Amino acid sequence: MSHWIIAPIILPALLAPILGYVMRHDVTIARIGSIAGTIAMVAISAGLFASAAGGDITVYRLGDWPAPFGIVLVLDRLSALMVLLTSVLALIVLIHAVATNWDAKGVHFHALFQFQLMGIAGAFLTGDVFNLFVFFEVLLIASYGLMIHSGGRQRMRAGLQYVVMNLAGSTLFLFALGTLYASTGTLNIADLAVRLQQIPVEEAGIVRVAAMLLMIVFAVKAALFPVQFWLPGAYSNAPAPVAALFAIMTKVGAYAILRVHNVVFGPDIEATGDMAGLWLFAAAIVTVAIGAIGVLGARRLLPLIAFSVLGSMGTLMLAIAAFTPGATTAALYYLVHSTFAAAALFLVADLIVKRRPGDSLTTLPATVQNGLFAALFFGAAIGMAGMPPLSGFLGKLFVLDNLRAPGQMAWAWSAVLAGSLVTVVGFARAGSALFWKSTAFVLPENTVTESEEEEEVPITHEPARAWEVAPTMAAIGALAALSVFAGPAARYLEATSDQIIDRTGYVAAVLSNPDGLKPYPKPHDAEDGGYEGDIAAKDDDHTTGEAH
Amino acid sequence: MIARRLVPHPIVSILLLVVWIMLVNKVTVGNLILGALFGLAVPVITAPYWPDRPKVHRPFKVVEYVLIVLWDIIRANIEVAFIILFKPNKKIESHWINVPLELTSAEAITVLAGTITMTPGTVSAMLSADGGNILVHCLHTHDPDAVRDEIKHRYERRLKEIFQ
Amino acid sequence: MGDASNLLVIIALLPFAGALVPGWMIRAGRNACATFTAIPTILALIMLGLLAPDVFAGEVIQAEFSWLPQLGLSASFFLDGLGLLFAGMILGVGLLIILYARFYLSGDDPMGQFYTYLLLFQGAMLGIVLSDNILLLLVFWELTSLSSFLLIGYWKHLPEGRQGARMALAVTGGGGLAMIGGMLILGNIVGSYNLTDILASSDLIKSSDWYLPALILILLGAFTKSAQFPFHFWLPHAMAAPTPVSAYLHSATMVKAGVFLMARMWPALAGTEAWFYIVATVGLITMVLGALIALFKDDLKALLAFSTVSHLGLLTMLLGFGTPAAAVAAVFHIINHLTFKAALFMTAGIVDHEAHTRDIKRLGGLARLMPITATIGTIAALSMAGIPLFNGFLSKEMMLEEASHTYWFENPWIVPALATVGALFSVAYSLRFIFHTFGGPVRDDYPHKPHDPPFGMYAAPALLVVLVVLIGVMPFLADSLVAVAASAVTGEVLDPHLKIWHGVTPALYMSIAAIGGGILFLLLHRPFDRAWLATPRPEAKIIFDWIVEKLAALARWVTETTHNGAISRYVAIFTVASVALGFAAYSGGGLGPETRELLPIPPLVAVGWFLLVAGVGAVVAFHRTRFRALVVLSIIGLMISAGFVYLSAPDLALTQISVETVTIMLLLLALHFIPKETPKESGALLRMRDGLIAAVAGLGTGALAFAFMLRDVDTISGFHLDNSYEGGGGSNVVNVILVDFRGYDTYGEIIVLGIAGLIIYALMTALLNGPAGRKLRNTDFSRDLSRDRHPLMMVVATRVMMPIAVMVGIYIFLRGHNYPGGGFVAGLVIAIALLMQYMASGFAWTQMRQRIQYHAMIGFGVVIAGLTGAGAWLAGKPFLTSAYGYIHRPPIEEFEWATALFFDLGVFLTVLGAVMLMLYSLSRIARYAGQQVNLEPMDYDPADRVKKREGSE
Amino acid sequence: MELVAEILISAFLVIAGIFGIAGSYGLIKLRDSMQRLHAPTKATTLGVGGVLIASVLYFALIKQTISFHELLITIFLLLTAPITANFIAKTFLAQNVEPEELPGTGRDYGWAVYEDPPGGTGIADEEQRGE
Amino acid sequence: MELVVASAIGVLTAGGVYLVLRLRAFPVILGLSLLSYAVNVFIFSSGQLAVNLPPILQKYGEASYTDPLPQALVLTAIVISFGMTAVLVMIAIGAFLDSGTDRVNVSRDNSDPEDPVK
Amino acid sequence: MIELALIFAMGCFGLGLLFNLYRIIRGPQASDRILALDTMVINAIALLILYGIRAETATYYEAAMLVAMVGFVSTVAYCRYVLRGDIIE
């Protein structure tokens, strides 16, 4: 029995307390520990990725209880991919945070960071909806801490809003779970899939509500219209490395929809039908528009990036909402791409902003290394705006190519294409204002941009050292690699999406409890407690009852 | 000295043993031993918060006092209940009473104040800044001084015997 | 794949590889840089030469690599006549430009950057003309937009450069995106993105319903790129770029990309009415309009720019005609225009470079000062004018010939007439270029005294005009090239014979008219010019900028009004959406039959319900007077706990009541630092809106709950009840679920608590070190309504209560596995006990007496829980597998232990640590704000009075 | 015997009920806050006490199972009631009553709510304490 | 009984939502705690109501118990929402001390932070 | 007989709860509200025990005990807040 599956959760969970309590007085040791741990995590998740690539689904039964009664971790291509993506991104971001000294601007950065990783990994690996909620909370509360790391007026208030919004979301999540349990009597995703198939649509009123509420919950995380409003404020006020890490947080929502609304509430399930697809599609269209408009209208760099993230989430959701193998493949490709693109943008923005007074898009005297930063920004921007040669362009084509359903095509295509034109223009204006000096476009009067009120941030004029630039380059490099090796990548993702769509495989893997699990005695033969004396680890010589 | 370190508050330890037995609600040897263990351990943990333990002379006086108070409590309650239920508000005649204290032990003063609150229509509202007086509110009386004298004679005297 | 294909791929990739060179070589000096930059281009050109014979032999060289097969995108290239022609142009002119730029760029321009951009662009252009996959073509297409963006904005200090670059990017990029749509549709129709397949399935395409959308979208791409009306306006502003760029991009290559595309897609798309009326018409208008505007431009480059627009229009029109002959003419004119226009741009560059101005009105008489330049310019310009013996004449004749017998909506006159007018204008502006720049007397007011430049600078244009003359005199030289290219365009084998004299044709008359009229026009230029200046014209740039600005402003308005940081509105929307969508989802299904009858409602339950409802109402009503609201909040907690007890959930009751207490403590502590009242801000309308939303939400949740409470489902919890004792070693099933069946949840849950503790501590630190800290320093929050802080009675009572409470905590902890209780509640009980101690004697004093490392406590808790879980690995079991047993050690009665107990210990420690760390942080803030701390457990111990008295005696 | 037990228990319950209602009724009936303070501190406490004793007796006499843990709650309440009353009284006094309205202590220190204890209220903390 | 619980859930939710929509941090916090009460009862009720059947196994004899799982879920939910509330409270304090206002809405026009010193 | 007595007692304490509620809402002084809340807690304890007797189970007992404990602490906290602002100064 391999315990590696749980390593991405246990490793940070044990490391974080040590970082938080033992190493909290010496930043250097903390840095070493944190980076070492993250590297280990990358290695582990790479291993998991490799083991899942073959296509077999590994199930880890916590507490050695048979599914669906205990909680299980499920490692398939999708979860392996997400965990790997997370840890790689985390490493990039962490190095940036250390190199730019962000981590030392407040206490407990590394502990919170590790807890954050734990939460994200847990959310990706779990096979139980309530446990999904628990790990959502873990990653959320960690993100609250990171969001307000090092404090500051604007950040604090933005943090307050971020927390309030997410608490509302979590409450809805609980309402959804209560409804789900009340209408199905189980929490295990595979078991839910089984039971959903047995509910006739004329009795599915309650469970449909559960499905819908869950979708809204995930949509909040994925920042879909009409629950996307929180994102720009939060991302543009978070510390840059944190915002970069948040690139994966929106993907958690996307992942959850991919998982739950394929396996449990898939479009072929009579009870729920294509409900999710329809609403998601509409929401995604609007989200794309909002993102593009926001990019064009932004007065400041960080909100501009945040809105571009919104747009990318919209595009991603368009693909997910189709619930077809092809579109899902495209979605996964775009998911990986947009994660690194967003991270790259926030990281380069950090390098730039700390060398200018605030991030407002007014033209100012050139900073040091203007050329370098311009190049990095250009790279990240074309990545996000979906221009060649980086993966954004392929991703966009890939998504569009897979949205050919009569109802969708016109809407999706015009939204995405018009959206990226507006985005390109927005980025062009921003970039030329930032790097091509002298007055580009004048902001209208009466603009008191947030960042101007904030006087606390000190400006450095030192050139960025190699270590500071390396992470950004790595992120952009990832985009390039994803573009060059699009073929192999897509092959894996194709297999992944097949695995996602194929409900039966997942269910079979999770619910087939092998021998050697806990006994499942009838109530009455309880009298003989054969457990006197010392440790009686449960004996394995019973087969499990009540398997579905 | 060691004993004092190990058993900072013997009385408390006994009290805790009783509490434990009450909690588990079953008198068995095991419980007694367990209770005794905790009864000894817990005060050691909480000792820093109770620096100097009060010395209690004449324990049997304690019993007497407790019985008196219990009786008074019942009396008090009947009185008060009567006043509440049947006496028209305008007929109720409340008074503030200042009770100067001879007690000087914090514990003793607290017990006295508590007793006052629990017994005939009186509530001890507060102490003076140096703990030398108790301000008592009397729900209904025509003769405040009598109330004060009763308090001093009936309770404070006994408490002095117990604590000093 | 044969060597040929390998060569082809290498050609396509060389410029990109070469783009790395300048960056390195610039350190070695400008000459070295230029030289080494030239090398990749030269190599590519040579290889192209090696491939040329096969192509002329009618062979099509192909190379294919798989890239993203799932999308139908493959890195496949092919080289046919058309490709050869354009590749040759791109590389050839590219080479000349590299040479020319070496001398043109001034010392302080970053040359390395320039050459890098240039090669990137070259690669992109090559990619376009060599792609055999339309998605690949799109990649390169957008790349040209990007690289030209960089090249146009190369002179960062010039705002015109920036604006020109942005405009070019917006227009061409936008067209490119439209084209993506068109190409995807095309691929959809044909079922393949391979160009060869698409070109092969012309009928399929033209018969498809999607033909027109595809055509329009693709043409949008082409027209924008080739600056066709109404997208012509960006090109002149792109002229802010350094002249080499203008010469390369805006005459020779990029602007021809659109034309190339139309030629490329000719077999697939051309030949329909739609094609003719769209393409030909647009081309015609562009040709005339461009020429007309060129006529009145005083800036040499602007003049050339609009003439380029006009000539592109001409080419577009020819392709629009859709006849083979027109295709031949188009191909031929592409070559000719390339030669004379590039030469003219370079000439203009030289003039600018020497005289430091390009304004015709300030020039003239240069013929004497810079004869070589003048000669080159004159020859090229005459060719542009279409004067015989120069190549421009030939292709223009062919154009007029085609125009002369083209009907436009049955009208035989419009096309020829307008074509002649266009030709007339082009004669006029060409002659103006010659006479007003070189002709006339030498002036003495040039900004800088001009003279001929070094050889290196005029070598390139000179070479080009030689071609101009050669082809002009011996057109058959171009035969084979034109033939092979034209056949590639039309897809049928053509072999045209280009000759100077076609006999007396309508075209001849039209040319004569054009030349005559042109000369006349030039003589009358002054009055015309005044008239032109007098007439108001829409200025494209201003309109464009205005539109973009307005759009940006609109976008800003939309964004800032919708995302204005009003979280209450966000949450309102979120709530409404949840309820509405939830209802929508519900109404899509139905309800099963009810399977339970309702439980009775005893009167006391009714009372409890009333208290609860009243409590909620009171909290809402009192929420402005915050303390009052907090008092009322307790009622709700109390009633809910009571309800839990009544409904068989003792564990819930215990947890609820203790959590609720601690929460209220925290809120009280918080209320100490924040305003005590909530001002009345929201108007009646807003409150009504919120009330409505709230009511609907409440109705929804209540109805939902009621609906499912009436309907049983078989749940998995039977297993838990059956296995709790044997499997989990506990009879309190809830606790066994928490620490065993679903211990993993609890593990996550305590981590949440631990993190909460951390965050609060971190936040406190950040606050105290931040501006808030400074503020706090001179703030006194203490509301000392009362002067006694640590009253004697409380202290004494606590001394007795504390140990008892601790006992209770221990008890609750130990029995949790079998009876209500457990680590979490125990943790809270102990926390509350400590809290009592803090309230009695103050935080600082208590801390002084016993230094508890709350950080460590949380840490231990989380680690212990984790290690307990991991301990199972030793037994080869999964994380959190529990073991347990019983100990009989008389006289101690049977005492049951379980690893779950250690896990619960972790829970206990984490909870205690987290709560205490929160309290610690809050009291830290208070003390930071200058609060005093006491050194004694109580304000005043009366015993001291005695001591003092004794002391005094 | 059985009957006696029942009567005894019932009696305790009824008395407890009366005290309980008396306490709560006083809370709304009496006219000023200090008077109201008397009602619950005594009546209710005894009411609960009665209930607890009744419970003990019930389990002992009717169910024949010894159960005395209810007494713990009684002790709890008896211990805490005076403190509670004391605090509530101070809360009232501090908010609504001026020292002049009260009888003096007749000594050099006034009532605790209005006057600092001998030796002031502690020292300014240079917050090096704690963790 | 079911009606009692359902209506209680409804009332708690309504009150919570109304308070969450207020403009100051403190009422929002109150609202969120009302909401967490509501959702806890909601989840609890998903396991069907029962009187006097606590899921504490009787050693001897057959007995029936109420559904323990929702109770465990609610316990977890309670703990988590406690942690969340604590953090929220702290952030609210921080936001107030830093910006001088406890408004939850960040908008350009409220440039009149009231003084935390009061 | 016991049954009747139980019902009577429950009725009394139940009615008591309503009286307490009135005082909590009505006030007028903070002290009145706190006092009424404290009384309500005590009444609740009584009711829990009564239910325990009626249901002949001890599961209500822990709740009662805990309520007694936290009731005291929170009453003190409320008072301290009014008196001193900071409850753990």
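Observations, loosely collected:
Letters A, B, C, D, E and F mark the chains as written, and numbering starts fresh at 1 in each.
The rule we apply is simple: contacts are C-beta pairs under 8 Å (C-beta built on N, C-alpha and C of every residue); 3 or more make two chains touch, one makes a residue touch a chain.
Computed from a predicted structure; not experimentally measured.
Any chain bridging chain B and chain F, meaning touching each of them, is among C, D; the list is complete. Across C-F and A-E, the chain pair carrying more C-beta contacts is C-F.
When chain centres are set by their Cα atoms, the one at the greatest distance from chain C is B.
Of all chains present, the one whose mean CA position sits nearest the global mean of protein CA atoms is A. With centres computed as the average of Cα coordinates, no chain lies farther from chain A than B. Taking each chain's centre as the mean of its C-alpha atoms, chain B lies 40 Å from chain E.
Averaging Cα coordinates per chain places chain C and chain D 67 Å apart. The mean-CA centres of chain B and chain D are about 12 angstrom from one another, to the nearest whole unit. Note: centroid distance chain D to chain E, computed from Cα atoms, is 31 Å.
Shown for chain C are the residues that touch two or more other chains, namely 565, 567, 569, 571, 575, 646, 648, 650, 671, 701, 705, 708-709, 715-716, 720-721, 725, 741-742, 745, 749, 752, 755-756, 759, 763, 766-767, 770-772, 785-789, 791, 793-794, 797, 800-801, 804, 808, 819-820, 842-843, 853, 855, 922, 931, 933, 939-940.
Taken residue by residue, chain E touches two or more other chains at 20, 25, 40, 42, 45-47, 52, 54, 56, 69, 73, 76, 80, 83-84, 87, 91-92, 94, 98, 104, 106, 108, whereas all remaining positions touch fewer. Chain F has residues 10-11, 17, 30, 34, 58-59, 65, 69, 72, 76, 80, 82-83 in contact with two or more other chains.
Those residues of chain E whose C-beta lies close enough to touch chain C in the complex are 1-27, 29-30, 33-34, 37-38, 40-42, 44-57, 59, 65-69, 71-76, 78-80, 82-87, 89-94, 96-98, 102, 104-108, 114, 116-118. Interface of chain D with chain F (complex): residues 6-7, 9-11, 13-14, 16-18, 20-21, 23-25, 27-28, 33, 36-37, 39-40, 44-45, 47-48, 51-52, 54-55, 58, 62-63, 67, 69-70, 72-73, 76-77, 80, 83-84, 87-92, 94-96, 113.
Across the complex, chain E meets chain A through its residues 20, 25, 28, 32, 35-36, 39-40, 42-43, 45-47, 62, 69-70, 73, 76-77, 80-81, 83-84, 87-88, 91-92, 94-95, 98-99, 104, 106, 108. Those residues of chain D whose C-beta lies close enough to touch chain B in the complex are 18-19, 22-23, 25-26, 29-32, 34-35, 37-39, 41-43, 45-46, 66-69, 71-72, 78-79, 81-83, 85-86, 89-90, 93, 102-107, 109-113, 115-118.
Note for the complex: chain C touches chain F at residues 603-604, 607-608, 610-611, 614-615, 618, 627-628, 630-632, 634-635, 638, 641-642, 645-646, 648, 650, 653-654, 657-658, 660-661, 664-665, 668-669, 671-672, 781-786, 789, 794, 801, 805, 808, 812, 819-821, 825, 829, 832, 835-836, 838-839, 842-843, 919, 922-923, 926, 931, 933.
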